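Here subunit A shows up in two complexes: once beside subunit B, once beside subunit C.
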Partner chain A sequence: MIANILDGIVFGLQLGLLATGLTLVYGLGGVLNMAYGQIAVVSAMVVAFAMDAGLPVLPAVVVGLIAGGLVGLLLDQTLLRPVYRLHEEPRVLLSLLLTLGLSFIIDGFLIWRYPLQALSLHIGGGAIDILGVPMRRGSLVASAITLMTFAGLFLFFRYTSLGLAIRSVIEDEEGARLVGITPQKMMRLILILSGVLAAVVAVTRSMVTPVDTTAGLSITVFALIVTVVGGLGSVAGAFFAGIILGIINVVAASYIGSYISLIILLAAAALTILIRPAGLLGVKE
Partner chain B sequence: MSQQLTEKIDSSPIGANVAPSSRSLLSLLIPIALIGILLALVPLWLGDSRVMMGVAVLGLAFVCYAIGFNVIFGSTGQLFLCVGALAGIGGYGAAILADNVGLPIIVSILLATLAATVVGGVLSYVAVRRSLGVIFTGIVTLIFSMSFDTLLLGISDLTGGDTGRMIEAGRGTFLREQIPPYYVMLALVLIFLLVHGLLQRSYIGWAFRALRDNEVAAELAGIDVARYRVYGALVGAAMLGLAGSVYAMTEGRMSPTTFGFGEVDVVVLVMLAFGSIGNLFGPVLGAVTFTFVDELLIEFGQLRTIAYGVLVISLFLWMPNGLLSVLTSLWRRIRQK
Partner chain C sequence: MLDVKQLSSGYQGNDVVHDVDFHVDTGEVVMIIGSNGAGKTTLFRTICGLLPASTAQVHFDGQEISGLPAEQVAQLGISFVPAERHLFPRMTVRENLILGAYPHKPDSETMSSVLELFPRLEERMRQHAGTMSGGEQQMLAVGRALMSKPRLLVLDEPSTGLAPLLAQAAYKALGLLRARGLTVLVAEQQVPLAMSISDRGYVLENGYIRLQGTTEELAANPGVRSAYLGVA
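Let's turn to the complex of A and B:
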């Protein structure tokens, strides 16, 4: 049982991290970025190429993080321009369709040019015992990085004025504007942050399973589900939703087995959305 | 943008008449007959090639999917991202009922269609009851699509898992010949168009337009918005299930990718973006053009995906109402001169 819960937490942390980059952009700007998974894949490819070029792991990862942030910035400066002119549901719809188009372009390009390229970071060494359960070193390192990322985000949103400014825009855009915060600027920052987070997702994921050029769509879809379950715009919501869904998935997998566990995970997500459309820790409807 | 999407139907000449008169019936029947005649000529052109006829049949199946999706999303504003899954319930359902249970083909197709209809209705009912918006309906139905896909891989003794399964029923009949399946699918297309057209002209279509233009106003005017949304989903899901099962029967084999999200839902979205969402004939224009272009670009492989990405982005940026509405407004401008 302990083993299951630990495995669930490891998987859940991955799910939670997956959702944070998406949930921030969605919560802040009502922009649904369907190319989110593709940004993660692009970053993974950049890391892989940097390592092929002879860079050590750490600098390569840094280059990947910068690449993710740059894609986010680029998205904000180009494709999302017309999106910002709309509001509410039309804005979400247009952003969804435009970024879906972008995801085709990125997917098509990567699968065309680099069909066999994949990023997998091997963390050496054997299993480590946690509470008497042997855990893979790779997933532990990934979980540690994820926890640190969450801690960093928590501190950022709680104690820095920039973080507070961003949160105020998520809660009430008009009010934030009135006290002198420019939502547009916050949005650009969040898109850069979201790109970096997507790169972190790619890097931590590659410690557990290889990230190949086709991984984009499934990353986006899972991120979307966890985002909605956690509540739009809530990092803590994404964290808890990820862990809960992760534990549900692993426990279901060990007691019922096989494919049903994924269906149970999906059903749990659907049920949460239906019972609490605002999500576990949603800020608003 | 949903506002823009909905404005167009009222300004289009097709479906503009609310009162069912003989003139409006003719204005529905003549275009459908023209489409029927044009598409019926395709086998004269491609009939010699088995491969090309397969492409043409798949193209018509996509016309059917696009019409079904158009009824649900275009007419009642419910973003159902489970087009492939509903068609798959039809396809796999019909195969399992015919082969594993041993029912006659027609009965299996009808039962499988019924199953898809019920599932579509339940999804819509739940979404409407919980008053989920467009995006949340999209996400819940997307989750349903993924569950269905997982289920297909899971019960591999019935579905053949990843590699898919063959259908024994129908082997040796006209369903597996080179040209007849094309006309079977064409008949479906024409029936679907007629049903959707008549629906638009009836009081139900009137309610559809009202609830799409302004939901609150429609509710205040005494229209049971929830009920008409579910009606729309039932009709659309029935079309998807029927098209999926008939297509599977003519094809004789299927795999999860036959009804996959990326392979069906995404493509249908692109087709409708190209045609024109909400317009009766948008799906035909979109799906036929798409099939044609797709076949032209087939040798470019992944470059096609890039081209579709560019296409989707430019379509939604510069003509969010689709090609058909651009054409109709052009036509009107020419006539006014």
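Let's turn to the complex of A and C:
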């Protein structure tokens, strides 16, 4: 049981970071990015290609992170332009449709051109004992990186003026404009950040299990479920929902079956909306 | 300092404010008075860049600002406190004030003078803005607006939602700011409050400026007296 919980936490941290990217973009700009999983996959592929080209691991990962950020920026500057002209519900719907379309295009291209390509980062060394359970080094390194990323985000949003400015747009966009903050600039930054976070998750995931070109859709679906449970617009919500759902997922897969676990996650999300429509710590409903 | 000419504005093609002309000179306090629905909020939101005008020529310190978005108007030195305040509810009083100074780091001198003006805020620095009372939120909204050391402070019905004693306290604070030389433009339904701090005023009715003059002239005007001062 402890092994399941620990594995659940490892998986859950990833889910949480994944959901963070999605929830920030929605909370700040009312945009639902259905191509989020594809950004993660594209970043993973860039790292794989870079390593194939001879780059050592660390620089390849950096290139992957930059790629993730660039895709986010590209999204903001091109595909989302028509979305920004709308507000409220129509904006959410158009963003959903356009990014969904983009996800099909990216998936189609990757699976056609590189069907067998995958990213897998091997962390050498034997298993390490945690609470009596032998944990693979890859899982531990992935978790450590994810936790450090969360810590970095926490410090950024709490203590930097840019972080405060971004939070203020999520809190009250008109109030933010009245103090001289440009919401569009903050949106661009958050999209770049969400792209980098997607890349971080892809890279850390590859330390646990290979990330291949078909992973996009399931990544997006998982991110969406965790985002909804955690509450749209809340990073802390994404963190806690990630851990909880990660544990539920692993425990359910171990006792019932892995195909059922996705259904259980969806049920958990549905239940959350019924009981607490705004999610655990949500801002927008 | 602020020169508004031929401003017409409204919603979805229908103008609610028509051909408004007025000005505010440096160091003055000017009031725009009128009843509910007169167009005061529409007028202010247009000037401050939250609403596009149908036509307008708005000059601030000689620079044409009509058509600029709200965030740019704010950066030019106009701080607008709307009737709904638009505070950041889940951020602390301290964070709200810090953001008032954006993009600059908050000036400790300015912060001290704001807290001196509103000591209640100092007691509640770590409290979330959304959990404060109406009066405290109004103080925070004005305090936040002051953090950027604005050239012009614009307030839309600061007495909104405040019990009479609190509204008077708010205007007392505005009076102190006036004494410090701040230029203020205020829209008010509660005319006696506005008159207590204003040098000049304009009467807005159904979107048109009907009357203008010094506070003394307006206070003596029989039409104003019967409509807004409750004098038969």
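Just so it is clear, the second predicted complex is superposed on the first by the 274 of 285 C-alpha atoms of A that agree within 3 Å, B and C clash if a C-alpha of one lies under 4 Å from a C-alpha of the other, contacts with A are read in each partner's own complex, and residues count from 1 in each chain.
Keep this in mind: contacts are C-beta pairs under 8 Å (C-beta built on N, C-alpha and C of every residue); 3 or more make two chains touch, one makes a residue touch a chain.
Remember, predicted model here, so these are calculated numbers, not experimental data.
Peer 1: Quick check on the superposed pair: does A:177 touch subunit B, subunit C, both, or neither? Answer first, second, both or neither.
Peer 2: second
Peer 1: Look at A:144 in the shared chain and tell me whether it touches subunit B only, subunit C only, both, or neither; answer first, second, both or neither.
Peer 2: Once the two structures are laid over each other on A, A:144 reaches no partner at all.
Peer 1: So, does A:90 touch the first partner subunit B, the second partner subunit C, both, or neither?
Peer 2: In the superposition, A:90 touches subunit B alone.
Peer 1: Looking at the overlay, what does A:165 touch: subunit B (first), subunit C (second), both, or neither?
Peer 2: A:165: touches subunit C, not subunit B.
Peer 1: Based on the superposed arrangement, let me know which partner A:112 touches: subunit B (first), subunit C (second), both, or neither?
Peer 2: Only subunit B is touched by A:112; subunit C is not.
Peer 1: On the A-aligned overlay, A:260 touches which partner chain: subunit B = first, subunit C = second, or both, or neither?
Peer 2: It touches subunit B, and subunit C stays clear.
Peer 1: Does subunit A have more residues touched by subunit B or by subunit C?
Peer 2: Answer, by number of touched residues of subunit A: B.
Peer 1: Please output the residues of subunit A touching subunit C within their complex, sorted ascending.
Peer 2: 161, 164-165, 167-168, 171-172, 174-183, 283
Peer 1: If we count contacts the way the header does, which residues on subunit A are in touch with subunit B in the complex?
Peer 2: Listed in rising order, the residues are 32, 79, 82, 86, 89-90, 92-94, 96-98, 100-109, 111-112, 217, 221, 224-225, 228, 258-260, 262-263, 266-267, 269-270, 273-274, 277.
Peer 1: State the interface residues of subunit C toward subunit A in the complex, per the touch definition above.
Peer 2: Against subunit A, the touching part of subunit C is residues 48-50, 69-72, 74-75, 79-80, 82, 85-91, 95, 98-103, 105, 144-145, 148.
Peer 1: Give the list of subunit B residues in touch with subunit A in this complex.
Peer 2: Subunit B reaches subunit A through residues 1-4, 126, 130, 132-136, 138-140, 142-144, 146-147, 150-151, 153-154, 262, 266, 269, 273, 301-313, 316-317, 320.
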